[in-house]
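Dropping the structures in below, format is structure tokens.
One chain, chain A, links the two complexes that follow: it is found with chain B in the first and with chain C in the second.
Entry: the complex of A and B
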């Protein structure tokens, strides 16, 4: 015979079990959703998702946290870095997110954060939107499943930056580049230079042990085309780097660190606290974090970068003079022979520089991926000859080969 | 480094003159003509040296390219579809050549079957803007890629000859 105590114990256990099962059913039905909240509250109760963020105000770190709801951010690329970036911004209560990516979720992505195996096959932007809406239904979303670098999509991409703000037909507040290739970064750079749009570039190296973020204000700071791509030196010998058989490695850790750096600086910029880093590198092997700020290159290849530089100078000249704190700035292009090349007597400094090309002056621990020597005039015999043929003629000739 | 054979192949492809991309309006047409001229010359060179290995054509805007490339291994011909878009930032950035049917079959590819280029390709391309065009990207990018990857794919049985018994790929 069971004693009263034993029966009581069973009763408590059964009730707990019932509650657990009820919760599971609610989750499955989707009735456990958090409802939208009209106004952010600082009230510290367990049902308020914003209480710990609003506490930043009470502690005097941020003056006006609610302002976060008025901002719109475009995240380009929602892979290892972009998805985590979007999740952080969502949890912080950002007003609006625009997500761009043309990729699908794959099981091969599961070494990274955010996506789950059951989402395999969905487009990344669609999968991301679903998860993020569940986390915070207060955030507004626009998602685009396309490649921004093609002619067909690029204009639409530019239009969404220009008109995708929280307020109708206003530009977004920031563009965040979380893409994994040079072509897409250049496309974002082109768009932002044309629109005069401030943006953050971010990246993780293909060997997964370094990364960086860079804040680009067209006209004011070096753009992505002002210098050859920068790399954080990890003192791994590039020549012995084994790239046989694989394109790229990735670690969830490095990606999360870079996403954290990125969103931290986005928050500082938007909510006006602390200092925004213009360039912040991450060398994961030595735990070294170089920072710097680079001036734009007056000879930048991008005409819109040069135009923005001129506009920036004009705006600066029109401003009333105020004493500003001096920040050490590095010129994007340095005339000196920075790389201390051995100059033999027959070689002049100019010749040495031409052989090397313009090399930006960089902080310790950051270097360029490659240099661009000054181009030699091509012999006219090496160039394509002028032709009387029309494009259609040439297309036909190619087809008939 | 780029090997001697690739170097001499490259040297025989005419260099381009016009720095223009598909968003540059009227300037894109002369650039596109130069692209075709260089490609025609390159295919002719290949035929003459008994190393004909691809055909390409484009849509009328010249923004989307497609065609075939093939690789001869132990006297058998393996043929693949090639495709790529001309990015808005072309020719500052090179086209990303893709072989969609090999997507997921080799680690030397990015999503969508885009081939993974060597570390030498990007610096070389950057130093030769705007003189390098599609023909150069084929010679410097896809050609060497096929030479390394296809024999490996065949050996691993991932790619099989279409005329043979288990004709499927």
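Entry: the complex of A and C
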């Protein structure tokens, strides 16, 4: 009788032979196996796995798509949400992925996307890495088959967040929490507060029909401990809440939607397009999507959160004043704008024509609101460029209104 | 030099050997390959692929989850949205899937979920069927590698919609359009109007950052031809719009969200929970989700649509009047209710207690609004059950108010 090790050796050999044969067929058919690609190309050919992503540039959505290769992301928990999250990032051509989980693939996971029955018994991170490398060999992987909440592992986890960037010894660009318990969320929260690391939290309800994502920027937004869930606030041991023979419900739909929202907002944040949602909920029964933004709690239990709040306020205070006001004004228009109310410009096309007269030298971020129409000799006293007042005087006048 | 056929034979043999070895390892490890399961069970064990789905019953979300095995669904187009849609339905344990596509897997598809590089060159329906059967051998498959828009294929396509149900010679329960062009959408629309077949349309924009799903019930809601897109209305040949060396952008995120919305609403419709959305949009840049419902166009170009409208109105008119009013009233509360305004019951717990007195025999769909509280000898003149008036008299009184 063969041992598991011997059988696994046979399997590896068989898999290699199968891959060789597959390659031969693909060569004959003129289709290629996915080889590493040194530089992303926008060329529209069937063999280019990046053509549909690079098209985001021509479509005017993303300015510099290739930059995605410079980012490193830690995904904590590669279950129903985390595995799909990692697959999306892999297919998008992310530079590097760090995967953390200590669970094994079971047939009971087959109601969610990603894992397949033949992987049952493998550790989730091992199974995920194998599949993801085959999908995109350009992505760099680091996988850790351990529980981040134990003392030793937590220290190692923090080190990998701090030093696991795409560039040597730089931090990762984002941490994504895709775990299914509060203890792990609190561990991620603690690490990110201490490191000042931005992260996304995600979750799906026990009845499988709602979920959410939340973007947490230490010091700027509410952290996970600022308004803790009841279980956390009461220091309840979650394990005591689990009943024998009872499990949470889950659906591949809800989990894929949450993973989709998560990675979409990660892409918007990293590649600078659209508006990043600070909180986006998904109520599947009604197809309702609440959004909100929460400020940090000055009495947060986490000392590092309070420290990050102080640092954030100091950074804000140090910013040039005009620019700060401008940014806040813009933010007010877009955030929490869930009814999608649009501000329609009252400037006519004629008014918006290029300025003809002298344009004053302006601080960065400030533009002239009205310019002199081309074919009109306007009353010069009405034009900003001809006024006797300085821009600062005008600003003061406006503020006093 | 071996031919493709010979190589493919070797691959099949190698794959079988590999599967044998894998089974041996799994037996030694005590993990099992996914064998067909005769009856869905709610047992919470690692080897049960349905435990998390059957938990929807205990959570009070779905009354009869096992019913999913009695449904048959046709998925037209198994690309970025359709493949993920088919995978979700497979993992949920749908009874039967009919897949239609005539495209091949290419490396250029690798920026979306589902297909893997080693499948490049295979037809999409063949690759999809293989993967899906391995994930869930309980699902029945019919796959068609052809273009539904040619005359012969269209007739066959219609026959499969009409006769491809889970029960022999019954129609499918739903058709899901996951195609990427208007010609195919119009073909599906034509078939479903003629057959009176409910279907879902789905789509993702060329710039990859928005998408939608739409539920179309012939005669009841607007069909695809009732308010046709410009390309259709002007009879433009889409192929003339494509430019050499230019392709549409796509993202795995947007496509998975659209597939998630699609299958979630399919599940709500089939298993009768939550509210089915008639139209749900996804604007990824702003995380904005428009909903709406459109009535059919009495001047629709499609004669079968106009006929279905007439049949629908006849069916509505034939319904018992009381029930019609009841249904419409309920619908008005939930539909287009995108601000999620809830109606809070003003009935107290005491008032809602089981009736004590005689309950009148009521028409189906009508219930007694107030019942006699248990521990209270109420003034009998106030109770419906003791009034001299018949229910019909009461209804008339109420209508005249």
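FYI, the second predicted complex is superposed on the first by the 271 of 401 C-alpha atoms of A that agree within 3 Å, B and C clash if a C-alpha of one lies under 4 Å from a C-alpha of the other, contacts with A are read in each partner's own complex, and residues count from 1 in each chain.
Definition applied: a residue touches a chain if its C-beta (ideal position, glycine included) is under 8 Å from a C-beta of that chain, and two chains touch if they have at least 3 such contacts.
As the structure is a computational prediction, the values presented were derived from the model and not from experiment.
Of the two partners, chain B and chain C, it is C that touches more residues of chain A. By the touch criterion defined above, A:117 lies against chain C but remains apart from chain B after alignment on the C-alpha atoms of chain A.
In the superposed model, A:103 lies in contact with chain B only, and not with chain C.
Looking at the shared chain after the overlay, A:263 reaches chain C, while chain B stays out of its contact range.
Contacts of A:163 after superposition on the shared chain: neither chain B nor chain C is touched. By the touch criterion defined above, A:183 reaches chain B but does not reach chain C. By the touch criterion defined above, A:247 reaches both chain B and chain C. Counting contacts by the rule stated earlier, residues 245-248 of chain A appear in both its interface with chain B and its interface with chain C. Chain A meets chain B in the complex at residues 103, 147, 149-152, 154, 181-183, 186-187, 190, 225, 228, 238, 243, 245-248, 301, 369-370, 372-373, 375, 378, 382-385, 387, 389, 391, 394-395, 397-399, 401.
Residue ranges on chain C touching chain A, taken from their complex, read 2-4, 7-8, 10-11, 14-15, 17-19, 21-22, 24-26, 28-34, 43-53, 55-56, 58-61, 84, 87-88, 91-93, 106-108, 110-113, 116-118, 120-121, 131, 134-136, 206-209, 245-254, 256-257, 259-261, 263-265, 267-268, 273-275, 277, 280, 283-291, 334, 337-338, 340. Looking at the complex, you find that chain B touches chain A at residues 14-17, 22-23, 29, 32-34, 36-41, 43-44, 47, 55-58, 60-63, 85-89, 92-94, 96, 107-111, 116, 118-119, 122-123, 126-129, 131.
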